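These notes open a run of structures that come right after.
The following pair of complexes shares a single chain, chain A, combined with chain B in the former and chain C in the latter.
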Partner chain A sequence: MLATGAHITKEKDLNAHIEGFVAQLKRRQIQGSYNVALATAQLLLRVVSAARWTHIDQLVTQIKILGKRLQGAQPRELACGNIIRRVLALIREESEDTNGSESGDGVANSPLITSMFSLLSTNDEYGANRLSQSLMDGTGKSIKKDLKPYIIEGIQELIDELRNIDESIASMGVEMIHENETILTPTPNSKTVLKFLLRTAQKRKFTVLVVEVFPNDVEKTHEFALKLAEAGIETTVITDAMVYSIMGRVGKVVLGTHAVLANGGLLASAGAAMICQCANVHRTPVVVCTGLYKLSPMYPFDVESLIEVGDTGKVLAFEDGSLVDKVNVVNPLYDYVPPESVDLCITNMGGYSPSFMYRLVLDHYRQEDATL
Partner chain B sequence: MGPKKGGQGNKAKVSKQPSQQNTTQDETNQDERLQAIVLSDSYQTRFQPLTLETPRCLLPLCNTALLEYTFEFLALAGVSEVIVVCCAHADQIQEYIAHSRWSNPSSPFTIETVLSPESVSVGDAMRDLDAKGLITSDFLLVSGDIVCNVPFDKVLAAHRERRAKDKNAIMTMVLREASPLHRTRARAESAIFVLDEQTNQCVHYEEIKTRKHMQQISLDPEIFNKHTDLAIRNDFIDCHIDICSPDVPALFTENFDYNHIRKDFVHGILTSDLLGKTIFAHIVTDNYAARVRSLQTYDAVSKDVISRWTYPITPDSNLLADQTFQYQRGHIYKEEDIVLARSCRINSCTVIGAGTAVDDGTVITGSVIGRRCKIGKNVSITGAYIWDDVTIEDDAIIESAIIANGAVIGASSRVAPGAIVSYNVKIDRNVVVDGNKRLTRYLGDGLKKVDKDAVGEHGDGYVYEDDSEAEEDDDYEEIVNSSGLVYNMASLNASDTSFSTASADQMHRKPRRRRVSTASSNTMASEDSDEDSFLREAQASVERAIAENHDLDIAALELGTLRMAKNAHFHDVRAATIAALIGRISHLVNSNTLKARAAVESVLNQWGPLFRRQVFDQADQIDFLLLVQRDCTRRMQGSSILLHAINCLYDQDILEEDAILTWWQDPQSKEDADMVKVGELVPRWLEWLTTAEEESDSE
Partner chain C sequence: MMPDSSAKASTAPPATAAPKAQQQKARDKNSGEALEGKAQRKAEKAARRAAAVSERGKSNKPPAEAGQVREKSQARQGKEKSSGGSITSAGGGGSTSGVGNITAGSAISSLATQGTAIHGSDILDKRVGLFKHLEITRRSGTADAAKDIHPAILSLTLQFASYTVIGSSARCRATLGAFQAVIKDYRTPAGTTLSRNLTNHLSRQIDFLKTARPLSITMGNAIRWLKQEISVVSIDISDDQARESLIEKIETYIREKIEVADRVIVQSAVKQISKGDVILTFSRSAVVEQVFLEANLRGIEFSVVVVDTRPFFEGKEMVRRLSNAGLRCEYVLISGLSYVLNDITSVFLGAHAVLSNGQLYSRVGTALVAMSAKRKNIPVIVCCESIKFSNRVQLDSVTFNELGSPDDLMNISIDSAPKPGPLKNWRDLPNLKLLNILYDLTPPEYIKKIVTEVGSLPPSSVPVIIREYNSA
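Coming up: the complex of A and B.
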C-alpha cells in the first residue's frame, strides 16, 4: 500500500513538473536552443527513471506523447523536439541491440535504408513490422530489466554532450580563422560563436565586427563585444545598415544559429539572411557554428510557421499613441537562411557542407520519429 | 517483516533530513515570498449589461478570460501566494479558479479565494482583508483585469531596497508611459502625478475630471522646499498595479472613508501631513502594462494583444491547455478545426477560435471571433468582438461591436459601431442596431421583456438602460460617452470645441485670476493680515459678481476657492458676503433707486441663496444674524434693511424661526447702543411671527 502511495505521489510530482515545464516554455521563461535542449533532456531523464513499462513500445509512445505536448507548447523551439527524437532513437537502438543479440537479425531492422527500394514504403509499416517482430520475439520482460539503466546512461551522455558541445566546436577555430583576418558576426546571442572566437584568439590575432541586430539583441551585442574586447580581440560594433559597405573587407562571416533544418537551411537571428546574401555577393565564405542538438529533421516547407514573431514594442515605442493606432508592426525574431547561402557548418562532429545535413539527420534520428 | 520495517525506518530518517533543510530554507526565503491580492471585482458598471451575467474578469479578451492574463502576469512576476477577493458573481469566479490550471499542483503559486460580498469599493475590500488578517508581508495589489508583461524582479527589488531604507515608503505604483491620447489609456480617467525626478517619489496626485475642464492644480508650497526637481506628468497608463506594505490595508481601516485606491488613498496619504508615509512610482518604459477598465480600453487592449505588444502573452502562446492557436503573417491567429470557405477573406489582425465556420464571400477584418460560431455568406465583420457560439446569418454587417455568447444576428441586419449585444439576444432579419444601444435578454427574476423595435419581430431581447448609476457618479455621463467601445469622432470633436471654449473662457478670466494670484503672494509675504485680506478679497469678489451679474454658482465657487486658498473660516465668508450684499442694498437705497423693502428683496432674492452654502446649523444662523445686525449699524436706514432682510431670508428658508428667536434673546444682539437701535423694528416682526405661528398652530 505504502509503496503504491509513494508511487502515485511520485507520478503526481512528475506530472506537476511536466506541466510547470510546459508553462515555462509558453511564458518564454526558458528560451534559447541550448537552455531548452538541456531542460528537455533533464526532464526526459526524470520521466524515464520514473517510467514503468512492460514493453519498450509503451515507453516510446509515452515519450512521443510527452514530445507532442512539449512541441505544442512552443512549436518554434525546435531543440525540444530534437532532443525528444534523439532519446527516442536511443531507446530504439538500445532495444534493437538487445533484440539483435538475442535473435540475431537486428541488422535487417536498420531504418537506414536509403536506396530507392524503400521509397514507396511508409514509416508506419516500419513501426508495425518492428512491433510485430518484437512481439514475436516475446522478449518483453527481459528487455525491460536490462534497458532502463542503459537508456538513463544514454541520456546522461546526451546531457554531457550538450554541456561540452561548445568546446569541441571551439577547438576547430584555429583551422578556420587565419592570422589578421576580419570576421563579421551577426549573431551576438550565440554562446557557441563566443567560445569559438575566444578560443581561437588564444592562438590567432584577428578583428571581429559585431553587427548590432537591432532591435532584439542590441544589449546582448554590447555584452558580447565587451567580452571579446576583454579577451584582447580587436572588436567593433557596427549597425545593421553598415554591413553591405563593409563586407568587401570581411574575410569570413561566422554565424550562430537557432536551428538547422534537414535541408541545410538555418534559422538565425533576424537580419542574418540579408547578411548572408550580401556575403554571397562578395564571395565571402559563410561559416555556421552549431551543436548537433540544433539539427532538426524538419524541412522548411512553411518557413513562416517556423519563425517566431516577438515583441512589437521593441520596434516601435508603445508610448507613441498616434503611431500605435495607425501602423501594423511585425518583429520577427529569426530569419530563414537558405542552404545556398551557407558554405560550411561546423558541428561538434566536424565541419560539413549544408547539403550533407540530411545525412547527419539520418544518422541521429529515426525516420519513424520525424513526426511526433 | 523485520527487514521491511527497518527499511521504512531508514526511509523515514532519510526523508526527514531534507524536510528539515526545506523548512530552514523556507525560513530564509520568507522575505522573498510574495503575496498578491487580486480584486476580481471592478466596483463599476461600465460593462453592463454583459456583467449582469458574467463578472468582468471572466469576460473573454481574445478568446481567453481576462483573469487568465492577470494570473499569467503574477506567475511571470514570481508571486507565490495569490488571494482572490470575490464580490459579485463570486460563485462563478470560484468555480472558474477551481477548474483552472492554477489550482493544479503544477501552478507556480497557491491560490485562495476570499469572499467579501458586502464590499462596494476597493477600500471596503482592503478593510475586509485587514480584518481577516491575511496579509503578512509586502504584497502586490492588482485587479483581475490587467494585461501586463513587465518583468517584475527589478520593480520588486527597487521597492524592497526603499523599504529597507525607509519603513514609511509604503507603496510603489507601477506606471507605463504613454502619450496622452494613446488608445490604451482610459479616457476620462487620467491623473496628474507630481514626481520627484531623482527618486520617483510621488508627492502629489490629482485626478483629472474632464468634464470640469480642470485648469489648475494646487500644490503645497512645502513640496518645493523638500524636492529640488519635480516632474508634473500626465503621460502614464495607470493600471493600478501596486506593491503595498501591510500598512496599506491598515491605513484603509483607519481612514474608513477611503474608497478609491488612487482618488482617496493616494491623494489622502500625500496631502496628509500627519502620516508621514511616502509613495513611490516605478515608471515602465519598455514593456506592456494596461488595464481593461472600460469598453474603449477593452478594444485597445485586444488590439495590443493581437499585434503582440504583450508578447509573450499572445493568443498563440495558448494560455489555456485546450487552445491551439497558430500565428500567421499579418497578425492572424487561427485555431485548429476552422472551416473557411474558399472565397471568404480573413484580413490582418484577426483571431478565429476552434470550430468556427465562415461561409462564402464573407470578409473579416481586425476582429476576434470565438469558438463554434456560424458565420453566413457575404457577411462583413470589421473591428468586432464576437464571442463563442454566435450565429451570424447571411449579408449581415457588424462593425466595432461586441456580440456575446449565443447571440443570433439575423440576415441583412446591421450592428453599428459601439453597440453591445449581450448573451443569447436574438436579432431578427433586416434590423439595424444603433451604436449607442446595449441589448440584453437578462432580467434578474425570470421575467420576459422584448423590445420589438430594437430586435425585430421575431427577435428576443430588450434595450438595457442603466439608471442606477446616474446620480451616483458625477462624471458618469462623461465616462459613458468616452468609455464606449467606439470613441467616435463626434464626441472627440465635441471635446475639442469645449477645449477651445475653455481657453476662451480662460482668456476672459485672466485679469481676475492674476489679481487673485498677486493677492495670494501678498498673503505669503505678510501672513498676519491674512484675515483682513480674505475679507477684502471675498467682498470684492461678491461685489464683482453683483456688478457683472455673474451666475450664482460661479460666485459661490469663487468664494469657496478663495476660502480654501486662504484657509478662512465660514464666519469670515459670511461676513464678507453680508458686507457686499448689504452694501449693495444700502447703495440702492441711498441713491433712491428703490425703497428699502424693494431693494432688499431685489438683491436677496437673487443673491440670498449664496448663504445656503455658508449657513448650516442654528449656531451659524445666529452668527449670521449678528453679523447682519452689526453691518446694518453702519448703514443709513439700517433698522429697516435689517427687518426686511430677516423677513426675506426667513421666507427663503435660510433662517429658521428658532434661530431668530434665540438670536433676539442673545445678549450679544443688544450689547451696545447701535445694536439696540438698529434692532428697534425687530420686536414687532417677531410678534407677528409668533402670532402667525400660534394661529397656524390653533388651526
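Coming up: the complex of A and C.
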C-alpha cells in the first residue's frame, strides 16, 4: 500500500512538473534553444525514471503524447521536438539492440523502406508492429526491466553532450581562423559563437566585425561586443546596412543559428540570409557553429510558417503611433538561409557540409518519429 | 593665391598713416574682414600643424616650430598693417602677442569645442583602421565662424550638421538658396571686380559649410557651374545688374536641374508601375517619393514596402508621406529584407550620385537591397537627376566615403529620444570601435536601368551623358 501511495504522489509531482514546464514554455519563461533543450532532456529523464510499462511501445507512446504537448506549447522552438525525437530514437535503438539478434533479418535498425508492403502501411503501424514483434520473441517482461537503466543512461549522456557542446565547437576554432583575419558575425546573440571566438582568441590574433541585429537583439549584440573587446579582440560594431560595403575586406563569416533543417538550411536571426548572400557574392566562406540538438528532421516546405514575427513596437515607437494605423509594420525574428549559402557546419561532432546534414538526421532520428 | 594679392593691392601704400589704413578698413569691410579671416586661418593652420607634429611624438620640435610658424605669419601680417596692434585672435584660440607660445593642447581644445575637422588624438585613435584616411567632421555651434560668413550659411551649416536638411537634392537646393542670399548681400570691395572677388568670397562660405559635412556631389556640380557663371560676368554691367542676373540664373538652374528634371523623371518612371505591383524602396528618395505620389494620383493600384535603416530612419518620413496620400504601405527594417522580398515585383531606388564607371553611390544599405533583388531576378530601377552624375570613379565603398558620428550607434533608440545602450562607455575600451559610414557603392550589374531627365539608360552609359551634356 505504501509503495502504491508513494507511487501516486510521485506521479502527482511529475505531473506538476510537466504542467509547470508546459506553462513556462507557453509564457516564454524558458527561452533559447539551449535552455529549452536542456530542460526538456531533464524532464524526460524524470518521466522515464517514473514511468512504468509492460511493452516498450507503451513508453514510446507516452513520450510521444508528452512530446506533442510540449511542442504545442512553443511550436517554433524546434529544439524541444528534437530532444524528444532523440530520446525516442534512443529508446527504439535500445530495444532493438537487445532484440536485434533475435529478430534476425537486420531490418530493424534501418529506417529505410525495404518492402512494398511497408510502403503501403502507415509509419505508426510499421513502428509499432516491428517493436511488438521483436518483443514478442519470448523474452517479454525481463527485457523491459533491463532497458530502463540503459535508457536513463542514454538520456544522461544526452544531457552531458548538451552541456559540453560549446566546448567541443570552440576547440575547432584554431583550425578555422588564421592570424590577422577579419571575421564577421551576423548573429551575435549566439553563446556558441561567443565561446568559439573567445577560445580562438587565446591562440590567434584577429579582428571581429559585429553586426548589430537591430532591433531585436541589439542589446545582446552590444554586450557581445563588450565581452569580445574585454578579452582583447579588436572589435568593431557595424549596423546591418553596412555589411555589403565592408564584405570585401572580410575573411570569414561565422554565425550561430536557431535551428538547422533537414536539407541543411538554417533558421537564423533576422538579417542572416542577406548577409550570407552578400558573403556568397564576395566568395567569402560562411561557417555555422551549432550543436546537434538544433538539427531538426523538418524539411522547409513552408518557410514562412517557420519564421516568427515579433514586437512591432520595436520597429515603430509610440511616438510614431499615428503611422501604425495606416502602415503595416513587420518585424520578423528569424530568417531562412538556404543550404547553398552555407559552406560549413561545425557541430559538436565535427565539421560537415550542409549537404551532409540529412545523414546526421538519419543517424539520430527515426522516421517513425518525424510527426509526434 | 588670389586673396593675398588682392588684399595686398588694396592696402599697398606702405601703411605709414595709421588713420588712413583704418579709414580704409572702415570703408572696405570686406577687405578688413578678409584680412582678419586670413590671419585667423593662418593661426588655425599653425595650431593644427603644431598639434599634428606633437602627436607624432617629436618632443622638442613643436613649441619651436609653432613659434617659428607664428613668427612668419606675424611678419607677413605686420607688412600689411601699420599698427603692430592686436589682430583679432584666431577664434578665441591662442593669443598672437609676440612670439606666440600657444600650446598645441589649448589650440586643439578650442577647435574641438567649436568645430572643424577634428585632429584631436582621442578621436583619431577611435577610427576604424580601414577608414583612417577619412575624417570625422563634427560641429555643434558656429561661434568660431569668421565675420564674413553670411548668416544664411551659418544656419545652413547647422542644419547640415544636425541632419535636418538631408538628402542629395535637398542639400543642393538649400545651398543654392543660401548662395542667392549671399550674392544679394555681397558688395564688391574697391580695386577688384565682382567676377574675380565673388568667387573667393563664395569659396570661404563653402569652406565653412564643409566643416559640417563634406559636400555632396550635387553641391559640387552646382558650385562648379556657379563659379563658371560668375567668371563670365561681363565687366560692363553694373554690380547690381550682375547680382540680379546671377540670382536669376541660380533660380533657373534650380528649376531646370531639380524641379523640371524631377517632373520628367516622374513621367517616365510612372510607366514602370502597373496595377497590382508591390514595389520596394529603400530609405527616402525625394524623386522616388514623387514617382509614387504621381502614380497614386493617376489611380494605379499598387502598394509600397519601405525598407529603413538606422541611425537616420529616413524611411519613416517616406512612409508617413506615402500613407498620408492614401497609398498602402509596409514598413520594415533592413534586417527583415529577406522576409519581405518574396512578394516584391520591382525595386525603386534613389541616388546620392552615379559615378562614371556606372557605380551607384547612395545611402548605406542600398547595395544590400539591390543585390538581394537581383538574386531573385527582381528589376531594380534607379531614379536620378543628371545633376547627380559625377566624373569620379570608384571601386569600393572603403576608399571614399563619409564617416558619421560613432555615438549614433551607441544610442539604441528608435525615436527622437536618445537611449544609450550597453555601449555607452565604449570609448573606455581600447579594442572596441564603432563604425558609422553613410554611403555605399552598388555595382552596375545589379541595376536594370537609371531613369534621368535626359532619358532612361543602363548604368554603363553614364559617362556618355556626362560628355554629351557637360552636366558635371
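The criterion applied here is as follows: the second predicted complex is superposed on the first by the 339 of 372 C-alpha atoms of A that agree within 3 Å, B and C clash if a C-alpha of one lies under 4 Å from a C-alpha of the other, contacts with A are read in each partner's own complex, and residues count from 1 in each chain.
Keep this in mind: a contact is a pair of C-beta atoms (placed from the backbone, for glycine too) under 8 Å apart; a residue touches a chain by one contact, two chains touch by 3 or more.
None of these values were measured; they are calculated from a predicted model.
*Asks:* Kindly say whether there is room for both chain B and chain C on chain A in the superposition, answering fit or clash.
*Replies:* Aligned through their shared chain, the two binders fit side by side on chain A.
*Asks:* Mind working out whether A:E319 is in touch with chain B, chain C, both or neither, as first, second, both or neither?
*Replies:* Touch status of A:E319: both partners.
*Asks:* A:N328 in the overlay: touching chain B, chain C, both, or neither? Say first, second, both or neither.
*Replies:* A:N328 sits against chain B and chain C alike.
*Asks:* Answer with first, second, both or neither: which of chain B and chain C does A:G232 touch in the superposed model?
*Replies:* Touch partner of A:G232: chain C, not chain B.
*Asks:* Who wins on chain A residues touched, chain B or chain C?
*Replies:* When the residues of chain A touched by each partner are counted, C comes out ahead.
*Asks:* Does the superposition put A:E96 against chain B (first), chain C (second), both, or neither?
*Replies:* So A:E96 meets neither chain B nor chain C here.
*Asks:* Looking at A:R28, would you say it contacts chain B, chain C, both, or neither? Reply first, second, both or neither.
*Replies:* A:R28 sits against chain B, while chain C stays out of touch.
*Asks:* Determine, under the contact definition given at the top, whether A:I246 touches first (chain B), second (chain C), both, or neither.
*Replies:* After superposition on chain A, A:I246 lies in contact with chain C alone.
*Asks:* Quick check for you: in the superposed arrangement, does A:D57 touch first (chain B), second (chain C), both or neither?
*Replies:* Neither partner.
*Asks:* For A:M274, decide between first (touching chain B), second (touching chain C), both and neither.
*Replies:* Only chain C is touched by A:M274; chain B is not.
*Asks:* After the superposition, pull out the minimum Cα separation from chain B to chain C in whole angstrom, please.
*Replies:* Minimum over all C-alpha pairs of chain B and chain C: 10 Å.
*Asks:* Would you please give the residues of chain A that touch chain B in one complex and also touch chain C in the other complex?
*Replies:* Chain A residues touching both partners: 304, 318-320, 328-331.
*Asks:* Tell me, which parts of chain A touch chain B in their complex?
*Replies:* By the definition above, chain A touches chain B via 2, 12-13, 15-20, 23, 26-29, 72-73, 75, 304-305, 309-313, 318-322, 324-325, 328-331.
*Asks:* So in the complex, which bits of chain B are touching chain A?
*Replies:* Residue positions touching the partner: 8, 72, 75-76, 101, 104-106, 108, 149, 176-185, 235, 285-288, 307-309, 311-312, 317-319, 324, 326-331, 348-349.
*Asks:* Can you list the residues on chain C that touch chain A in the complex?
*Replies:* Interface residues on the chain C side: 128, 130, 309-311, 316, 319-320, 323-324, 328-340, 342, 364-365, 367-368, 371-372, 375, 396-398, 401, 409, 412-417, 421-423, 429-437, 440-441.
*Asks:* Can you list the chain A residues touching chain C in their complex?
*Replies:* Those residues of chain A that touch chain C are 212-216, 218-219, 222-223, 225-226, 228-230, 232-246, 248-249, 269-271, 273-274, 277-278, 281, 304, 307, 314-320, 323, 326-332, 335-336.
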